[in-house]
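Input: one structure, supplied below.
Per-chain residue numbering starts at 1, and chain names A, B, C, D, E and F are given in the order in which the chains are listed.
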Amino acid sequence: MKTKNKILKIGLPKGSLQESTLKLFRKAGYHITVSPRSYYPVFDDKEIEAMLIRAQEMARYVESGILDCGLTGYDWIMEQAADVKEVAELNYAKEGLRPVKWVIAVPADSKIKSVRDLRGKRIATELVGYTKRYLRAKNIKAEIDFSWGATEVKPPHLADAIVELTETGTSLRANNLRIVETILESSTRFISNRHAWQDRWKRQKMENIVMLLKGALAAEEKVGIKMNVQKKDLKRVMSLLPAMHSPTISALSDAGWYDLDVVMDEKILIDLIPRLKKAGASGIVEYQLNKVIP
Amino acid sequence: MKTKNKILKIGLPKGSLQESTLKLFRKAGYHITVSPRSYYPVFDDKEIEAMLIRAQEMARYVESGILDCGLTGYDWIMEQAADVKEVAELNYAKEGLRPVKWVIAVPADSKIKSVRDLRGKRIATELVGYTKRYLRAKNIKAEIDFSWGATEVKPPHLADAIVELTETGTSLRANNLRIVETILESSTRFISNRHAWQDRWKRQKMENIVMLLKGALAAEEKVGIKMNVQKKDLKRVMSLLPAMHSPTISALSDAGWYDLDVVMDEKILIDLIPRLKKAGASGIVEYQLNKVIP
Amino acid sequence: MKTKNKILKIGLPKGSLQESTLKLFRKAGYHITVSPRSYYPVFDDKEIEAMLIRAQEMARYVESGILDCGLTGYDWIMEQAADVKEVAELNYAKEGLRPVKWVIAVPADSKIKSVRDLRGKRIATELVGYTKRYLRAKNIKAEIDFSWGATEVKPPHLADAIVELTETGTSLRANNLRIVETILESSTRFISNRHAWQDRWKRQKMENIVMLLKGALAAEEKVGIKMNVQKKDLKRVMSLLPAMHSPTISALSDAGWYDLDVVMDEKILIDLIPRLKKAGASGIVEYQLNKVIP
Amino acid sequence: MKTKNKILKIGLPKGSLQESTLKLFRKAGYHITVSPRSYYPVFDDKEIEAMLIRAQEMARYVESGILDCGLTGYDWIMEQAADVKEVAELNYAKEGLRPVKWVIAVPADSKIKSVRDLRGKRIATELVGYTKRYLRAKNIKAEIDFSWGATEVKPPHLADAIVELTETGTSLRANNLRIVETILESSTRFISNRHAWQDRWKRQKMENIVMLLKGALAAEEKVGIKMNVQKKDLKRVMSLLPAMHSPTISALSDAGWYDLDVVMDEKILIDLIPRLKKAGASGIVEYQLNKVIP
Amino acid sequence: MKTKNKILKIGLPKGSLQESTLKLFRKAGYHITVSPRSYYPVFDDKEIEAMLIRAQEMARYVESGILDCGLTGYDWIMEQAADVKEVAELNYAKEGLRPVKWVIAVPADSKIKSVRDLRGKRIATELVGYTKRYLRAKNIKAEIDFSWGATEVKPPHLADAIVELTETGTSLRANNLRIVETILESSTRFISNRHAWQDRWKRQKMENIVMLLKGALAAEEKVGIKMNVQKKDLKRVMSLLPAMHSPTISALSDAGWYDLDVVMDEKILIDLIPRLKKAGASGIVEYQLNKVIP
Amino acid sequence: MKTKNKILKIGLPKGSLQESTLKLFRKAGYHITVSPRSYYPVFDDKEIEAMLIRAQEMARYVESGILDCGLTGYDWIMEQAADVKEVAELNYAKEGLRPVKWVIAVPADSKIKSVRDLRGKRIATELVGYTKRYLRAKNIKAEIDFSWGATEVKPPHLADAIVELTETGTSLRANNLRIVETILESSTRFISNRHAWQDRWKRQKMENIVMLLKGALAAEEKVGIKMNVQKKDLKRVMSLLPAMHSPTISALSDAGWYDLDVVMDEKILIDLIPRLKKAGASGIVEYQLNKVIP
């Protein structure tokens, strides 16, 4: 297959996920300019052409080949029933597309106890397509209405049940709703058009982007640690370090001393540092990382 | 027909129109409490039960009788093809639901010149139902995709044409789009369920609400004017006043003097006041109005 | 008693009540300048010297004569056990010093069920003086600690019970506290030093201030209404108007017509206006009021 | 003299005075649209063409006839030594162009005690032209430097003295400066080009604008007062009212009662209302005014 | 002594110091969640239970054992006259608990010149207990009033003198007050309950926390520096480095070159870097540190 | 030449450039305190005395020796025709004094096509001095008016042409202006007084400051990269690294492995990292730099 132009067309999710997505790409090393009101972020990598698209519509345009690839949720891939290649799962948890669930929920005092009880009921949801297919597979007929939002306040007057996104369940509880069943779990995916994935140049380009994005994500939970250790304490100190992260050990000019430099999960440090010090490490220094690529 | 409970269920548009709608009801005299995150504004009139609903869905729930009445746009009544009674048109122009148009727009350099050229094209819009019926009536087949927003940036890559809302055309021009045809004009309507309209108590209640809303709207463009006029100048001064607004003329205790008090369009005053003064009016005073009911 | 200088020294509550108090005085007709960081608001009435003082301390300074008068809560008058003259109660409910309660509260699962169970317990409160006297009168000995704030989080570790201010009970419930008893209800008072109240000039000055403050408060709930009525409908229209507000009726020059002008509670209008119109009133106009003094 | 087009070109001061000026025109009755970044406010009166111009430059352009008229400070008229017609002084004190002073100021410990001591010194100011003429008239030679701002921090290193605008003296004191002499007092003026003033149509147009602006300014300090008075008290109540504002007295249908309606300075009310009430007035009501034209 | 549960209860100062304290703990490595309105920050270290307490009250609760330890100011330890173990002084100067002074201040023109002149005077302060003990030790009787705040505006009408916190003296000068004497200097302390300090597990836990907090504080003033040095320049470059920070020296593969890596006070760099370069160092690179533990 | 005091007086640009300038100095290592409203930033280096001065006036005060040195634009050096030593050009592009152009611009439909057509025309500009000299050199006589701002809205009524600053041309286009010629390009300069430059101590001090400022600027575009490489891959990996940045290669204790540490342009990383990994590098870690001095 021949590639003209060497251009990769990528879709970025517009809306609530936009800022955290751009931040992740920037940490990965891309310089991106977004003009106010423009839908075309400009990358300093001239081989990338980006477009902001609603997460709901992403898979549709990747499938049709208008875009070579894009980032969106697994839920909207399923809603569109789109035939695309899933390249990677990316959990940028703190601010963005963390794993979420779509659940069937009903008023706390409803007689609906299981999916079977939905027969003949009115269900409001933004996820009309997937919900219809899910119920059809279980041979359940119900009326599924598209909801423009505020879905969780519709029962009991405007709907008997809803299919709605939930992270912590707070909003459901606040509206006095009870979860009947989880019908879909979702997280962010990097997806590719199937033809684009066959193109060697485009595939390589996408794999590079994913490597850098993962490197930036990994760095958020890790730090660099340096320390000085005498030869006699080296074994003891080494035994405290997590096995998976092998340190760089340089012999210092000062005889009998070694310098250890190691990348570590930040969250174990409050326990580890006092123990390292007790084991003989001194001059312990912690520094921040931008990217970690194994 | 018998009415239980004497409760009128009214839907108010949630979202961008919410604030201007509540402000209008408050000016009309209703005291309304809206708790943060609640969808049920509480009226001090215990016979009214209100609910915040997206304008897009309003007509659906008024038609089905879940709501007795509501405020929404004519466009969404048409999109839902809902069988409801239109009670009044309410143009609260300055901040809210001013008359808008839905137009078919294409890229400025597109070959599409008229509606007929849409045959076989891909059209993105939030107004899927009305657009389908409009084209079907003209015997034109096209692919109509639901758009989750940012519709005006979709041509030419993601769509050949769009059907989109426009007020001033600014956003269309900024995206280099050309209007092919206006297919729907819309303004805000107060609509009633057909059964509720047959109920004497509910109908009276709705007519009272509409009277007060219109009284508050009318007051926005009018002011009260008082002035003192001598008997000899009375005819001349009277001839300057717009015919439709007859003034209250009180004979003052001070012989030969009259006090005129009249309600007037605010916008004619910059011309009228100098002429009134020249015609003999003195002590001209302007005061604001909350409500004007003819 | 002789008065030099003719100066009335008034204390205004500093802090959360400051803005609503100044707004009320301004509506009453006083022009007040408050420089940032200054504690001496300047009145355009040169006979008034004002000072911003914490509500907690107000009664103390009024009692001692440093101030002639001031506004504060009944609770802080009681806490200080101050011997002052209460001139008036002022409920500027919407934004300010609305009636509040001081309650004894304990953890929801505490064994303390009544005031008697407080014997020997540790109680945290900002209202130390009143609480001590209240318990002493009931012959209950307990340890009363002054609390610098955040009182409601002190039980169960830092205190067995608290005496705390509550309006809606929300904060108590959020901290899982149960109310044992209400020991004090409070609202805003205009208080005077007893000597100042004997001074004829100062007393007259205070009575005038209170009259204007009450006039401004009354106007918040009232509006002016004008309408035209034919002689034949006059009786019917008059019968609809609330008895306590007698209208000004002017005979118009246009024979057979009358102009009614009446001050009314704003909240009855949504019911009254439709009925007035049905009874023959036309040209109904509503206008706002700054002050209403009976 | 013949007038083509019937267009009046008016300059409005750009910058810190812009908002208060537009607010005043709006209160006078003009509907004005200002697009962000545009310097051409659009009036709904098609005979008026407006332009935003810095107050410093206004007189220059009115003198040359580029503008027919404009609003600016007396100081900048003097600085430009412009030959224009002063039509009116407009003190919109609360928020805008209040009377200000230009003073000569020196470091608190400077040996300069009077204007004579400025001989041979270096003076920094934004008001170069007027300052030069002022000193020349007193036969004092000094070096006058134009200052781009932050003038008050220049002494003693960057200048020996400054000529600077001051309202309260706060900024001068904060920089430890002492006032030597006031050389100019200034307030806002409505000015006209001399030729435009000879044009009958333009002159009439300007006089109308000034009448409405003054009417709006007057209303800021006045309110309407209504009250009911019995015949026996009428004389006594009337004697309390300021002579210049004669009330409208309507005989009520209720025999023996009169309704007084009068426009009054708002600031005398805190004294007057208690006295009116004592004299027999009842049902005193105060309402707000938009415009007062004598 | 036996320890159940292995839980350390720590108090964090609520109010103005809260944010800088939490930031310091986070930099030390703790992940802390603070729900709005909750007084119980949640640590990811399950052995720590934290509580937000006003600095004024901290020592009281640490002394009584309700808390094992806490952070507060030396002034409030003294005010409470609390018997606690001072574990460490922590000066997180830039944003938080910087060393402050409590001073006796009087009106600038007061006759009070020394502490002795306070005999029989009225003193307002928030630091009642310490002030009383301080004066008693000097055999001076005075009336000490608790002040709810705004203490510095009380003299001369409401108090003869105050005892008040001051950092720069700005607020005192703005209120025209003169300092008579400094009676207490204060900085932040990490304090422990005396029994908890005897418990081996708790003491180790506190020492670890203090080590990490100090490591995070130290890192704010230090940076890492790397440079390349030829063998012949090594001695000269080494002699420039501060003695206390011995560098890590790695022999590079490139013969004759060494890589130096050293942690240094950031503030000496503006002088040191030019001298290092002159001494032969090249490729000087500075990087930031999160923690520095000797 | 002898130096007293050893004080370097430096001017920093006040206004829009102030924040980015202070940020650059702070990154260079200076601790600077700026009190609100003060014009004297305090450096922790006691040999430096700084002052905030408008960029327009900087060169004047450096030339006269009131300041030893300062930062300002080349344009304002030229405008002042100041005789100063240019020490360095500093492009702190992202937020501050990026290279800009001064252009002659005229209304789009003006007959002025070249500089020669300006003969006899009226030109408005803030850059009066330079513009006059520029035209005089070309033997063109025109009237040059000083403009207080909003220069770009002056044509065609208030001026025939302008000389104005432009970065992207947006503002010119928005006002429908056409560029005739660029007459000056400008960027930020560090300038010195000529006498100060002859003083050995001051010159050394300035050179050190410039070195640190440039080190901080360079670090904005660079990062540190570490990686582990096996002996067999070392040559291949090394060949990928940019020649100018020679890496620090440490032999690890683990035989056959090397640790590479290298400073690199951040912008090449998105291409380089995938290639390094393919060439055998592992454990790639990226970290941030504060300063890079070659």
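FYI, a residue touches a chain if its C-beta (ideal position, glycine included) is under 8 Å from a C-beta of that chain, and two chains touch if they have at least 3 such contacts.
In this text, all values refer to a predicted model and were calculated from it rather than measured experimentally.
Looking at the partners of chain A and chain C together, the chains they share are B, E.
Looking at chain C and chain F, the chains in contact with each of them are D, E.
Separation between the centroids of chain B and chain C, computed from CA atoms only, is 40 Å. The centroid of the Cα atoms in chain A and the matching centroid in chain D are 61 Å apart. Shared interface positions of chain F, i.e. residues touching 2 or more other chains, are given as 250-251, 287-288. Interface note: chains touch in the pairs A-B, A-E, A-F, B-C, B-D, C-D, C-E, D-F, E-F. Against chain A, in their complex, chain B makes its touches with residues 14-15, 37, 39, 51-54, 56-57, 60-61, 66, 145, 147-150, 153, 157-158, 174.
Every residue of chain B that touches chain C in the complex is listed here, in rising order: 28-31, 44-45, 207-208, 211-212, 215, 219, 224, 246, 248-251, 258, 261, 263, 287-294. Remark: chain E residues 223, 226, 228, 250, 252-254, 259, 266-267, 269-270, 273-274, 277, 282-288 touch chain F in the complex.
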